[in-house]
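Next up: the structures, one after another.
Shared between the two complexes below is chain A, which pairs with chain B and chain C, respectively.
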Partner chain A sequence: MSEVATPSKHAALATRITDACAAQGVVGNGNPQALAALESLPYPTTRQERWKYTRVTRLLDIEPQATTSGPLPEPVLAGLDAHVLTFVAGQYVDGEILDEGPDGCFVGPRSVALERYPNRIPAHPTDGFATTEWFAALQSAAPQDGGCVIVPAGQRLERPILLRHHMPSGTGVAQPQHLFLIGDGATAEGIIWSDSATEAAGLLNGAITANVGDGADFTLEIVQDESGELHHIGHHHFTQGANSKLTVRTATADAHWLRNDLHIVQDGVHADSTFHGCYLPNGQQFVDHHTRIDHANPDGRSDELYKGLAADRSTAVFNGKIMVHKDAQRIEAYQSNRNLLLGEQAAMYAKPELEIYADDVRCSHGCTTGQFDREALFYLRSRGMTETAAHNLLVQAFLAEVLDGFREEIRDYVHAVYARRLGWS
Partner chain B sequence: MSAAEENPLLDEFTRKEYEFGFTTDIDADTLAPGLNEEVIRIISHKKNEPEWMLNWRLEAFRVWQTMEEPDWAHVQYEKPDYQAISYYSAPKSKAPLGSLDEVDPELRATMDKLGISMEEQKRLSGVAVDFVMDSVSVATSFKDKLAELGIIFCSMSEAIQEHPELVKQHLGTVVPVKDNFFSALNSAVFTDGSFCYIPKGAKCPMELSTYFRINEAGTGQFERTLLVAEEGSYVSYLEGCTAPQRDENQLHAAVVELIAKDDAEIKYSTVQNWYPGDAEGKGGVFNFVTKRGICETRAKISWTQVETGSAVTWKYPSCILKGDGSVGEFYSVAVTNNAQQADTGTKMIHLGANTHSTIISKGISAGNSQNSYRGLVQIGPRARNARNFSQCDSLLMTDTSGAHTFPYIETKNPTAHVEHEATTSRIGEDQIFYCLQRGLTEEQAIGLIVNGYAKEVLNKLPMEFAVEARKLLTISLEGSVG
Partner chain C sequence: MLKIENLHARIGDTEILKGLTLSLGAGEVHAIMGPNGSGKSTLASILAGREDYEVTAGNITFDGVDLLELDATERAVAGIFLAFQYPVEIPGVSNINFLRTALNSIREQREEAPISGKDFLAKVKACAQLVELDGKLRDRSVNEGFSGGEKKRNEVFQMAMLEPRLAVLDETDSGLDIDALRIVSHGVNSMRSADRSFLVITHYQRLLDHIVPDHVHVLAGGRIVHSGGKELALELEEKGYDWIVDAQATEQA
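The block that comes next holds the complex of A and B.
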């Protein structure tokens, strides 16, 4: 199971990627700490606990090509009334910029925000992983453009924000950085949409960073619908203030090779986090969801639900970590991971972890991997359904618990993608 | 009013010392510290071992030299200096022992203190005991009675002399030399342990028991246990351990191998009570143990452990469910108090079809201790209709202790059903209140609640052990509620 990368090979990869990103255009300066970390950090191998099931040796050979500017991709969620910003390969191409001045809301690309309001946004919106994980350091060393949403204290954005990132054909590399700054008591809803061309075969090493202020309410829906042979590593980092409410839903509709690292830090008391996700790899796809929540303050609550199924010869990975820090008392944390294995050669690796350093807590996790419920299947078959139809209905019912949480447009879209891929309908 | 006056019982038990912390003043034959090929040759020579055994040890030593001490466990400790340990220490006996009556009187007194009065056991409980002190087996009881059934129960060194073909055939087949750092070390330097062979169809009529004790200062204990249950046989095996109180850390790196052939059943119970170090975490035993069993068709291996001792525990009794329809079970109560650290759990490796496994793990953390469950459930591609159920509960007694769960669930067969659930909570104030209200003291209340919490596991222990384990649980936790 072990793979060892020679130091020169991954150093060369880092140089190729940072050069390619610089050639396409980066936003702001790279994070100096991440740059330093990049020099010293080892390249992930399956001998490292966090990369035990995720092989990244194949990425060492990526030769980033300059992305050609083709026609704009077809719009997504066309019926949805939202601020839409479109990015292609880490560059801003089109969208509706909202700028209410230095004290108001701002929705636009990060490049524009940095130009207009350099003091309002952090220079390096990254997380602790940027100095401890090789790919996160790489992203932070050469961050490209992405959406920037600033909602000042007490304000509310009525329309949702749709930040769409598209990877064009070829072996291009992009490292977009999306940023949400939700002020104290503010409310906003965001959608991050990631898709790619059918001939895409490069690397998307992107980051989403959100700082949610005290008493704020922020909902983010992440949709990953990537065709082709794109490799995607996502670094999703959320910091929550006291009494804030955060909801993150991630739907992996389609992905050739995907690793998501979701990290939530409850930085204030009485924070409430909900994070749900679903995935459905088939063929030879690989989908890996790593999540971690840090209950760093008392009286927090978290609810995690990840459901998925692995068909054909695909591999799904779930690793969820609940970390309750010392003195973070009266925490309620629930984690649930349910999986269905449908393919004879499919594999599911689950690792639901609890690390608890406070005593007055209520934490639980449950994890199951299994098959269809035989009795349910029999019931449907006895009502005259074909076996395929019965399977499909059960899969839909299984995923509904997660999918129904999304806004209707997204739910229907993801459902349609799943239906197409598994041959329902 | 001082705390002591307020609750004299609590005060007494908080200060309660490790009751097995005595040393026995016996002449011991101890090798100078250090580890090299010469030391291994000396050990092998002292044991009068055949050539193949020496070569096996030397090969293990070479492998060990190329390995690194693992650091993935959720424990922190200063790595032992392997050159500062004495790898051989045996109570000096004047002549080969003919019967139990010839055992050194000092040693007899030790056994009595530990509650292993062989004579009494012989008469009353019908438990056959093998007593291992500082890695050397000093006495085995009931041997003749077992021999009538064809059951071999003796020390490992004796087995190497008298049943070399059986040892050669099975040693290292379940835990290969290269398995891990500590198993390689053990393979190179093990000095004794128990060997048990149950012939085809035999049901062992009594519990077999081994008692391990580290006595000499500056020594490590490296015992090796091999248990072979032939087709259709049954055996229940108990293991207990204690060590004297010392300021330094002592290393215990044992290997236990169980082989359950077709339709055989092995029940292996451990009550581990190595010296845990003092309240500040000084001293105590490093318990780095590899235990694994292999199940052939329809065989069953059941591990039950009550872990209350050791400064640092690194232990994962595992089952390889190789044969179709085989069953693996793991029942564990792990208690950590003061500065103890435990990273323990199991591995259930399902290879055959229709294999079943159950994991029940109860962790209790008190004082400033850290208690982790780490378990692997692996369903191989050919393990059709495999089933696993895991439950890992943690109980926290203080706000300075930690309880952690690291399950690994790897499924490669779509017909498998794997369920894992874990909860972590504090000892219920309402439960304590209820008991207090009924006139129980807080200590009694905690004892009652904890024993109830661990009931599922304690019930799996053989009778004599269950009583001891209950007492041990209560003593380990007394005065620990924060």
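The block that comes next holds the complex of A and C.
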């Protein structure tokens, strides 16, 4: 069936979203290139390869309402000693600002950073998707507040930074923009925690941008724990310098409808990227992880591992593109995507894409989708475990490879969410 | 304790057990020997509740309970343990977590309180010593990267932890060198008691030098065709199975 959206319909949506964002508050000016792109780009349809399994027609009907400013949400990861900034619907509400002056570290909302240090941060911190992808252009046209972390060359932030974004009840809209500028040889750890009220609906169209300098070491843990009928599109873009090390872990703990676009560009030699993710949709949920890494320089390495389960009537999508450019000799790129289907009506669409233009590289990819190993189930049951206990243990084991990479507090939290949602506990 | 009467079973369209009758008393050790393809492993699988097999006739009672009415979990709760011929590797689940989950699952179904952490660890230590399983193997993922001998020792370790009333050992000697055979046998022998029975399935007599059975049965063509004392194992080792199988065929003809 065709899903033709008339130009007026998606242009009207763009106007509604940008107006709503402007009414709540945007940070800085919209990216002029994104604004232009928004005029000319078509609205995504399932006839486009990148949106083949991801129906966005339903988003055209979103009529954002002003969400009421209720009480602040309960803290997350309360036991963790972290530098916390809290945002609600694209606005900064509370947190601990660190400002060491024009040459020092800065941790605070982007709105404050832009006021105090307009020259230290880019005016439009988005990637190429902002001119090629409709939703990325929309985000960049009306960017709202988010965390801004600046770590100058050679410096190190001892405590992790927790940027928490909350969507309140109601049909809201938010376009938060988080920004990390990790200088040459600098070290930092961040957590981006995205959650919502149980009655949240509408659209969360957010961006995370990180520039990781030469020899820098940056780790980011992304947790998505949303309920209600919220639609979430995430544009996660990372640029790495020479000899830098980047680790990105993404846990989709709960999501009604989610699309993540993760893009890593190795912009220098000997860059090292690890990106792992896990997901577990159930009910009629939809979770889509699109990833892309550009090996644009020689001697880089990348390790990608995404694992997930689809239960009930849910749908999961994984698309992993590895682009090895002509000059990217001697790179090593490994991609693995493993899926389990837990429901007869669950669907999993998995697609690895390798484009290799260099001739001396080591690349591998593996993609599997299966069901529980019956022999393992029998083994566990023959030791006295109930079917539920055996399933629980096998799911834990399946996800451990990804979840164990997170810090303990997050691993335990996400596991508890999975257990609750699948009725294990 | 265990009574098998006229058991017929098939997998798909292939009939494997064709009227097997066998009875085990409490505290007894019975060995089942027989040529390849005679149905030895099928018997073990059916006792443990593997669902691939269809029982078409006959019955099995365990302490008077109809075993065929119980699923694999319920049989373990009732006290049946199968030491697998090919123990399954379960990456990501530590041996310890696996055993704690199994033990507490059984206790819960028996309406007993979960084992305390202290008691559990003490038990792990004692049972691991029994089969000389070192700390590394206890903490590793279940059977992952274990050698053949380590897997079999791990089976006996689990058996010691779960303290079954009936243990079925399915070719536990296969793939074992002489040291591992000695260790595994020692583990089994130290678990022998007046209220625990063993069904030892093996192709070779050498295991029975270490685990000395009370009774030896020959399984051929899906039936027990001959039974005797421990000396029967030696006779089979010397003469092979043909004389019994042939005699049986003549008798039937």
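The rule we apply is simple: the second predicted complex is superposed on the first by the 423 of 425 C-alpha atoms of A that agree within 3 Å, B and C clash if a C-alpha of one lies under 4 Å from a C-alpha of the other, contacts with A are read in each partner's own complex, and residues count from 1 in each chain.
We adopt the following convention: a residue touches a chain if its C-beta (ideal position, glycine included) is under 8 Å from a C-beta of that chain, and two chains touch if they have at least 3 such contacts.
Note that the structure is predicted; figures quoted are calculated from it, not measured.
Enquirer: Identify the partner contact of A:40: answer first if only chain B is touched, second if only chain C is, both if each is, neither if none is.
Expert: neither
Enquirer: Using the superposition described at the top, determine whether chain B or chain C touches more residues of chain A.
Expert: B
Enquirer: With the two complexes superposed on chain A, say which partner A:382 touches: chain B (first), chain C (second), both, or neither.
Expert: A:382: touches chain C, not chain B.
Enquirer: Is A:119 contacted by the first partner chain B, the second partner chain C, both or neither?
Expert: After superposition on chain A, A:119 lies in contact with neither partner.
Enquirer: Once the shared chain is lined up, is A:344 touching chain B (first), chain C (second), both, or neither of them?
Expert: Only chain B; A:344 stays clear of chain C.
Enquirer: In the overlaid three-chain picture, which partner chain does A:370 touch, first (chain B) or second (chain C), both, or neither?
Expert: The first partner, chain B, only.
Enquirer: Applying the touch criterion given at the start, work out whether A:361 contacts chain B, chain C, both or neither, answering first, second, both or neither.
Expert: In the superposed model, A:361 contacts chain B only, not chain C.
Enquirer: Applying the touch criterion given at the start, work out whether A:394 contacts chain B, chain C, both or neither, answering first, second, both or neither.
Expert: Touch status of A:394: second partner only.
Enquirer: Across the complex, what residues on chain A touch chain B?
Expert: 49, 326-327, 329, 339, 341-371
Enquirer: For the complex, give me every residue of chain A touching chain C.
Expert: Where chain A meets chain C, its residues are 373, 375-376, 378-387, 389, 393-394, 396-398, 400-401.
Enquirer: Once bound in the complex, which stretches of chain B touch chain A?
Expert: 72, 74, 379, 381, 394, 396-426, 482
Enquirer: Of all residues in chain C, which touch chain A in the complex?
Expert: Against chain A, chain C makes touches at 48-51, 71-73, 75-77, 81-82, 84, 87-88, 90-93, 97-99, 101-103, 105-106, 109, 141, 158, 162.
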